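Several structures are given next for inspection.
Two complexes follow with subunit A in common, the first pairing it with subunit B and the second with subunit C.
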Partner chain A sequence: MAPEVLLSPLHRADGSATYTQNGYSIIGAVNGPIEVLRKDELPSEATLEVHVRPAVGVGSPKERHLETLLTSTLRSIILTHHLPRTLIQLTLQVRSIPAEDAICGVSAYLTLLPHLINTSLLSLLSSSIPLRTTVTAALVVSPTSSPTMPLVMPTAQEILRAGRIKHAHVFAFDGERKMVVCESEGSFTFEEWEEAWEVAEDVCCRDGGVGLGEAMQVDGQSENLEGWLREVVRRKVEGEQRWKSGT
Partner chain B sequence: MPREAEISVNERAFIQEALQEKIRLDGRAFDAFRPLTLTFGDEYGVADVQLGKTRVIARISVEVTAPLPERKFDGIFQIVTEFSPMASPAFEVGRPTDAEVILSRILEKAIRRSNALDTESLCIIAGLKCFALRADVHIIDHDGGLIDASCIAVMAALQHFRRPDVVVEGEKATILSAREREPIPLSILHQPLCVTFSYFEEGEIFLVDADLAEEQVRQAELIITMNQHGELCQIAKYGGATVDPLAIVSCTTVALQKVKELTKFIQSRLEEDAKRRNVGGFMAELSAENAR
Partner chain C sequence: MASTTQVLLPGDTIPTSALPTPNNPKKPLTLGPGLRHIPPSTIVASIAGSLSTDNKKNAAWVEYNSGRYTPSANDLVIATILTSTADTFNCTLTPHTPTTSLPHLSFENATRKTRPQLPPHSLVYARIVSAPRDSPVELTCVDPSTGKSEGLGPLKGGMLFPVSLGMARRLLAGKKGGVMVLEGLAEKMGFEVAVGRNGVVWVDGGSVKNTLGIGRALQEVDREGLGERGQRKVVERVLRGL
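What follows is the complex of A and B.
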């Protein structure tokens, strides 16, 4: 279930990541901090530019909408005040999307959004841009047939098999279990939304009570996304410290 | 947007001096390509080409549309190249650089106008319906040699792609999904590939497959497109320096040898991929293709 990640596969960009999960494959690249155009320059913080490029064709309003969502989310994550009058440029190239995505009944922007959020965070980590916290995102889908058992991070095929979809949500949480993104579609009551939130929180965030060292051991192959993220970062740091630990 | 960092005077002199001593910075021979890897995705028609540090992904997609009114019996084939800041921060979205314009023009000349793809085979009902084929070229990483890498990627993706089969009954055409009928490969008439020669020292030195640093130092470039039968599809020369006509002839012989090697490489990778997909050995039975 944990996504496959390759950090810094590109040699030209300052930071990059390839991310693959459930047939969604995305390449993210970060350039920054770099020179900013005069008209975009902000005197007290960095400008963030996000480009989402679809696998097929040129960008459409769907991609523009995703860019807006990502920009506002990442602005709250990146410590933009530490890099005034610079530009941080994030490009997300969608490499492949499962064939069932278009017909699964959940809008394409919702199914893609959590993967884009996760990829952008990984790219930012790889580029060593100062961040306030981490962010992890997940999709929760509630089919009409079994409203009590929402599907968490389902594959497109699972959504298709579940039949009619009542409501779907994308939640993203930061390192302190605070919700930073909530995008929903369909009709639902507040209780149903709250339930979906709890399910997503479980899958995104580390259990509150367990200490850092213990959580690592208990999780092993990381049940939740934050554990997975920590594992990725641990491997990255290990790789970077090889010169030191080898001797 | 920052401009592409220009190569420093020292680096320029260093590369030029090394070339005079018949040495390239990465130790290759003058007529050697960088290590080439070609991988195909799980879907049909996705080719990921890595040429040294340059990386290009080509993706073929198809949809059904009405053919152009002046070309009723032809399908539509389009190659789309758009650079993104991913490859280099100097590439801006929505404002094509010279390199981008040249790349799309060369690919257009080399692949589309040399009739590498038989567009007539994409016609479903004359004047009413045809397949519109689209090749998206994504430049992921840029270290020179974009034209060669993109051409390899597009040709490999075209050969790898399978389009859905159709059944035509009078005015009614039914597209059969991959589950109903095995998709069929495109009819490719020949396989043009580009070889870029960069030249230095007033045409004294020709380099095959220059990397980004060498591209910035070169005086001019010569792009030759050929297929493995030695048929020349196009020659383009960019840059100010003059070039000797006889040198072009010798370049074409080198290009032919390179194109033959590349074609063989693509073919072997395609066969490996076909073997990987053909697990039960049912591919031959499933195929609805007629012998040409």
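What follows is the complex of A and C.
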């Protein structure tokens, strides 16, 4: 269930990550802080540029919409005030999406968004750009057949098999369990939305009130994305410091 | 190194127990890269890596080895000259970043009459004087107190080899860095090396073959994360190939 990740596969970019989950495969690359064009320069903070490239063909309004969502989300995550008058460039290339994605009944931008958010965070971690916190995202889908049991991070096939979709949401949470992104579609009541939110929170965030020391132990077998992120970073640190124990 | 490395994610608060315990309680706590202080007394990580502490200096920082080089004062760097203006050279440390300035007069024995002539693309080993956030970075090639170059200055001949930022730090850290490949090679051959914190190593081994051998050996040690025994093997192989 946890996404497969490879950090820093591209050696010419400052930070990069490949991410594969449920048939969605994305490469992210970050360059920065680099020199910014005069017209884009902000006097007291860094400019963030996000490019989303689709698996097939050239970008369309869908990609532009995703870029806007990502830019505003990541601006609140990156400590842009630490890098004034610089540019942080993030490119997300979608490598493949499952064949069922187009016909599963949920907007293609909703099914792709959580993967893009997770990939961009991994690329930013790999580029060592100062961040305020982390962010993890998940998709929650409620089919009409079983409205009480929302599907969390389903594969496109699972959505297709569930039949008609009543409503779908993408939630992203930062390291302090604060919601930073909420994109919804379909018709739903406030209670249904709240239920979806709670389900997504369980998947994204580690159990509340866990101190730093205790969080170390949950890595490896943990189910939530926060624990998975810690495991990824632990592997990165291990790789960087293997010379200390190497022969 | 502690038995368990503390892995940090951006946004993690550093517990007081993990902060260094200074031998001299009056010494203020120093925060290195990757940590920020949120008043009144919260220390938060901003970069993913492992926490390192030094009790003697009462310092804490995040150890990481990825990303782009960010200049900071007193770093030794290898700069590439781009252009020369009336009284400064414009140099780059990393690609696509704003240029840094190196005054013509900050070379050893440089006067208004005898200023160094450096064409574009020549290399200079320099020290960063200041790296303020809001103005260009300034470099120098002399020690301001003595007026001597102390090993800094134009680099002639040789080749540049890109290495990771962590490798550059290790090479400059001496024994603590655990790199012995250069000492091993120096037993049998003579060469000159300059290490820039911006992730480049300049090597001049006299001939192209020697230079490449040394540079490639350094890059291999960096890429494979070799310990002492692995480095000895690399040294043997390089020496055999000459």
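Keep this in mind: the second predicted complex is superposed on the first by the 232 of 247 C-alpha atoms of A that agree within 3 Å, B and C clash if a C-alpha of one lies under 4 Å from a C-alpha of the other, contacts with A are read in each partner's own complex, and residues count from 1 in each chain.
Throughout what follows, contacts are C-beta pairs under 8 Å (C-beta built on N, C-alpha and C of every residue); 3 or more make two chains touch, one makes a residue touch a chain.
Given the structure is predicted, the values throughout are model-derived calculations rather than measurements.
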| item | value |
| --- | --- |
| Subunit B versus subunit C as contact partner of A:Cys205, first or second or both or neither | neither |
| Which of subunit B and subunit C A:Glu35 touches, first, second, both or neither | both |
| First (subunit B), second (subunit C), both or neither touched by A:Ser127 | second |
| Partner, of subunit C and subunit B, that touches more residues belonging to subunit A | C |
| Subunit B versus subunit C as contact partner of A:Ile26, first or second or both or neither | neither |
| Touching partner for A:Ile117 - first (subunit B), second (subunit C), both, neither | neither |
| First (subunit B), second (subunit C), both or neither touched by A:Leu229 | second |
| Which superposed partner A:Arg53 touches (first subunit B, second subunit C, both, neither) | first |
| Common interface residues of subunit A - those touching subunit B in one complex and subunit C in the other | 31, 34-35 |
| For the subunit A and subunit C complex, residues of the former touching the latter | 7-8, 14-15, 31-35, 79, 82, 84, 125-134, 174-176, 211-213, 216, 229-230, 233-234, 236-247 |
| In the complex with subunit A, residue positions of subunit B that touch it | 1-2, 41-43, 46, 53, 55, 57, 59, 61, 80, 82, 84-89, 93, 134, 136, 138, 140-143 |
| In the complex with subunit B, residue positions of subunit A that touch it | 10-13, 16, 27, 29, 31, 34-35, 37, 51, 53, 55-58, 89, 91, 93, 95-96, 99 |
| Contact footprint of subunit A on subunit C as seen in their complex | 1, 4-15, 18, 34, 36, 46-50, 63-68, 70, 96-98, 133-134, 166, 170, 178, 221, 225-230 |
